[in-house]
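Here chain A shows up in two complexes: once beside chain B, once beside chain C.
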Partner chain A sequence: MKRKARLGFAAVVLVGAVAYLMYTGVRETAVYYITVEEFAQRRHSLVGEGVRIAGRVTPGSVQRRMSPRGEEVWFELGDFQDDGHVTPVIRVFYVGVVPDMFRDEGGSDVIVEGQYDGSILRAQTVLTSCPSKYEAIEPGSDSQGTRK
Partner chain B sequence: MDSGAVAIVIAWVLGAYALVVSIWGGLKQRQDLVRSGEHAVLAMWAFTTVATADLLRGLVSRDFNLEYVAQYSSSTLPLHYTVAALWGGQAGSLLFWLTILSSMAAVVILQNRHQNRTLMPMVTATLMAIAVFFASLLVFVTPPFQRLAFTPGDGRDLNPLLQNYWMTMHPPSLYLGYVGCSIPFAFAVAALVTGRLDDVWIRTTRRWTLFAWFFLSLGNLFGALWAYRVLGWGGYWAWDPVENAALMPWLTCTAYLHSVMIQEKKNMLRIWNMVLVILTFLLTIFGTFLTRSGVISSVHSFTQSGLGPFFIAFLAVAATLSFALLMWRLPVLKSTNEIDSMLSREAAFLVNNLVFLGMAFAVFWGTLFPVISEAVRGVKITVGPPFFNRVNTPLGLLLLFLMGVGPLLAWRRASLASLRRNFFWPTVAGVTVAVACTVGGIRHGYALLSFSLCAFVVATIVQEFWRGARARQLLLGERWPVAVARLTAKNRRRYGGYVVHLGVVMIFLAITGTSAFRVEEQVTVKPGEAFEVGHYRLLFEKVDAWETAHSAHMAAHLAVFEHNQRVDTLKPEKRFYKKPEQPATEVAIRSHLGSDLYVVFGSYDSASQTATILAYINPLVGFLEWGGLTLVFGTLIAAWPQRSARKVPEWEASAAASSGSHSLS
Partner chain C sequence: MIPPRKPRAIWERFLALVAGATMVMAIGAIFLYVPTDRVQGVVQRIFYFHVPLAIVTFVAFGITAVGSAFYLWRNDPKWDQRAHASAELGVLFCTLVLITGPIWAKPIWGTWWTWDARLTTTLILWLIYVAYLMLRNLTSDPEQGARYAAILGIVGALDIPIINRSVYWWRTIHPAVLVTREGGTGLTDPRMQLTLLVAFVALLLLFFWLLKLRTSQVQLEAQLAETERALLQMS
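Right after this comes the complex of A and B.
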């Protein structure tokens, strides 16, 4: 029985260690993951917070400039409306290389992660969510695109 | 109607028939019904093969009237990627999955024509239940043979990201691994239902488990190599949900491969093994669900669709049924044996199992955290790679340590003398490397520990081979190479396992090198300007542009200097594919023993002629491939059939005994 207890003790220690690592890991790396729509509703409570926002690049809003630090990219992250228009919600600033699928015209769906300072979002990462199908989603068409 | 579409419907009917008849035949003990079900499975295999062949025909003959062909290929797509388009889209990949499953089911049935007759009805039934689920998706939800009302002039082409060498191999390997996990699961269910809970089901599926594990490992590695070469962010693993989906079953499957040895040897952990087999199977389905459903946003979930609810329902049913069966048999499964000592191989394996499961749980938790937090607190919260690294790094290092210790501990109880004998040189090796690294200027704690443990594990493996070969040499006068080869051939499972461990050590080296010592530079340069990364100097010479029918290319020419000597020219590209109008990045890599120089052509402004270049130095990343190769080699050794009828001569037994510890198998 003593051996069993010792083994049980080892298991408890291990489980405890995993739990501790997970707990602190979550506490230190967790960020709010919201849509631009949710962001628009509660932007005041998110000042200074790390956020990860899913939205769409507002067509025509992208400005790029080469700087010694890399390419500086400004764009408006917007909310994709049912009628096909994108309402700008927040201005994003990013330095670095944007993904291949990041586009101005047509608007691409992106996930932006960074800090909101009250007026702009300083992004550390810009990810494009990869569309699985290539039907260009024209404004007004259904999300299934050109399916017959 | 396409012959493929007809074939799928017939396959569905045959699968459903086999399912019903096998259960009925098993209950009533009617061999004729059981045989009839098995024949239906063989027929189903034929029909799924016909369906796959028909879809392939459509792809290769560029039959763009087929929606699937129009969507995932084009007239300019090279032939090998056209074949790969079979698993490039959703309907095709589900059909591919069903074909693999029915092929494996057919092989299992042919293997067991004259054995395991009590288990077989439920094995067939379980496999067919899974097959019918996938066939139903193909018949009712996403039929692959959908014809268009008109014939488009050309297809939309395969996603350029998938047009890569590794990507043609990654999905098939992963599918073989995923589907392979169904076989041990089916036998486990059959054992639970019939009450034949001895280790027959485990022995029967040993090679299948190894097979599934092998392809799961390869699938993960190919995926990592693909990400490294194609995605262009300098790394190979991002803890993306889809990657995690493939990693979780691998973790539980690896745990199972180890704990199963304890059951074979000591008849312990019988419940635990059942749990692991069931979990592994459920995780393969869960992985498909994550990839297909888009429930968690992933950077590369290539196919998102309304399949999610079906998978959830299937998962729920499968989990409920299998755990209910397990609960029902729990009293019979309870083992009478107990662990004798903490210093025994059993104990080491048990800890190894807990660590694997802990890792799987942490990955599961981290992956599902957005869903969990939304359900509990109403806000979606995500955890990033730091979470996964933070949890898995110490656990991984603990595993590395156990990998060295476990195989050298005796079963039951290790004596102090044997500890000293087995661990003296490995400890010396580990400490030496730790000291050498510290002197060499490495201050990264985890990296030091990792390198030191790698040396420790390699030393234990070398020592095992050396002792075994030395014994043969002394007893039989064999020369070294002959002694090592024969030693391995005589104990394939044990020495094959060591070779696999060696491969894993290499993978650990690659992970340590890239996560602790990676150098990253991002610069904007004009032609004629140079910059430094690590000990390299890169000179941006010019931009070169050209065009093909399939894509337009733009390449940055970068001269690479090392110690003021020009050693190479790297040409990372930006490509623009024409069919799905989509840009893509083509990285350029200078692979070198010890480290990779990895450059990405970020962006280019033609007006000012400035280019953004990302350059990385990834130390030891080459070991990822070498480790993978070694792992393949080791698995082949371990799985290679051994003539078991041969009696072991006395000299061989004594040679094995004097080689230190006891056999792994």
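Right after this comes the complex of A and C.
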């Protein structure tokens, strides 16, 4: 009986620990990012806060300039919808190496981590997310990415 | 009692042969046959290893959970040995998932790792079954260790459906390709679907062959320990 009770106790502790790990792991990441629209609605309460925002780079908005600190990149981040309705845009400033998949033309989908200072988003990290569809490259075309 | 050494069964050799042949076909398909992805380029070919490895990981830990349940129910060490061997291989395959993922993520996402729901829950799965293997040796009584591990082996498998649904339940950077969030498959080219299938079959056969080998090893180890105990009692 004592053995059974100990086994039961161990089971409860284990289940509890696993559930707790899952809960905290998921809570941290449940809101992995906010959208540009959600950011725009809460923009004033987010000044000085760290945020992670997903959106699409506005085509033609990217400006790059070399500086002693590294490459300075300015771009505008908008929402994913391309149904024509105007969404709010965030000005993003980033110093560092952007991923190869970051493009000006066509509008890359990106996730930007950084701090909002009231007017611009100072990015610490720029991640590019990939499409969930794979298509064969056309033979003889050169539309392939920078990777060879 | 020591049973006489059985010659390796014919089906076991056959399994090894088929697994090896399918693996050669899979590697040929991944590097020579399947078309390159238009957006990501050559690096997307990691997909054909990464995804089957993940599915085989789920199969392995699923077997561990079922074996653990049977062990607790029937109290037959054979089930514990199967669960144990499958968990070891599951950790191996899960480790490969966690290695191929970052190699792919670095050029495409721009980072080796990020704490999104799918990556986090997969790391938790790995930790659970590493804990399962450690737990087995933490008690002085091996039978007790096996029972504790069996409980963790069952509970830990609850993480598998969570990983599977994570990309639909939460916002993630990790894409859902096999069944996209909009529905339908992201593999638009039939050659991509075929390559994925061949790679999956190859890795699954490899897993089952390794599982057979490792299970018999674990069983032999148990017999050896028993024989040693019997000899010590005699002397």
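Some observations on this one:
Basically, the second predicted complex is superposed on the first by the 97 of 148 C-alpha atoms of A that agree within 3 Å, B and C clash if a C-alpha of one lies under 4 Å from a C-alpha of the other, contacts with A are read in each partner's own complex, and residues count from 1 in each chain.
Operating definition for what follows: a residue touches a chain if its C-beta (ideal position, glycine included) is under 8 Å from a C-beta of that chain, and two chains touch if they have at least 3 such contacts.
Note that the structure is a prediction, hence the values are computed from the model and not measured.
Shared-chain residue A:Tyr32: touches chain B and chain C both. Of the two partner chains placed around the shared chain by superposition, chain C is the only one that A:Val126 touches, whereas chain B remains out of contact.
When the shared chain is aligned, chain B and chain C each come close enough to touch A:Met101.
By the touch criterion stated above, A:Val47 is placed in contact with neither chain B nor chain C.
Applying the stated contact rule after C-alpha superposition, one finds that A:Ser67 touches chain B and leaves chain C untouched.
In the three-chain superposition model, chain A touches both chain B and chain C at residues 7, 10-11, 14-15, 18, 21-22, 25-26, 28-33, 54, 98, 100-101, 111, 127-130, 132-135, 147-148. Residues 7, 10-11, 14-15, 18, 21-22, 25-26, 28-33, 54, 98-102, 111, 125-138, 143-148 of chain A touch chain C in their complex.
Those residues of chain B that touch chain A in the complex are listed here as 67, 71, 90, 148-150, 156-157, 159, 161, 297, 299-305, 338-342, 347, 350-351, 354-355, 358, 361-362, 365-366, 369-370, 373, 379-384, 386-388, 390-391, 394-395, 522-524, 579-580, 582-585, 600, 602-603, 605, 608, 610, 612, 614.
By the touch rule above, chain A contacts chain B in their complex via residues 3-4, 6-7, 10-11, 14-15, 17-18, 21-22, 24-26, 28-34, 52, 54, 64, 66-71, 96-98, 100-101, 111, 113, 127-130, 132-135, 147-148.
Taken together, the chain C residues at the contact with chain A in this complex read 35-44, 47, 107-111, 114-117, 120-121, 124, 127-128, 147-148, 151-152, 155-156, 158-159, 162, 170-173, 175-177, 180-181, 186-189, 191-192.
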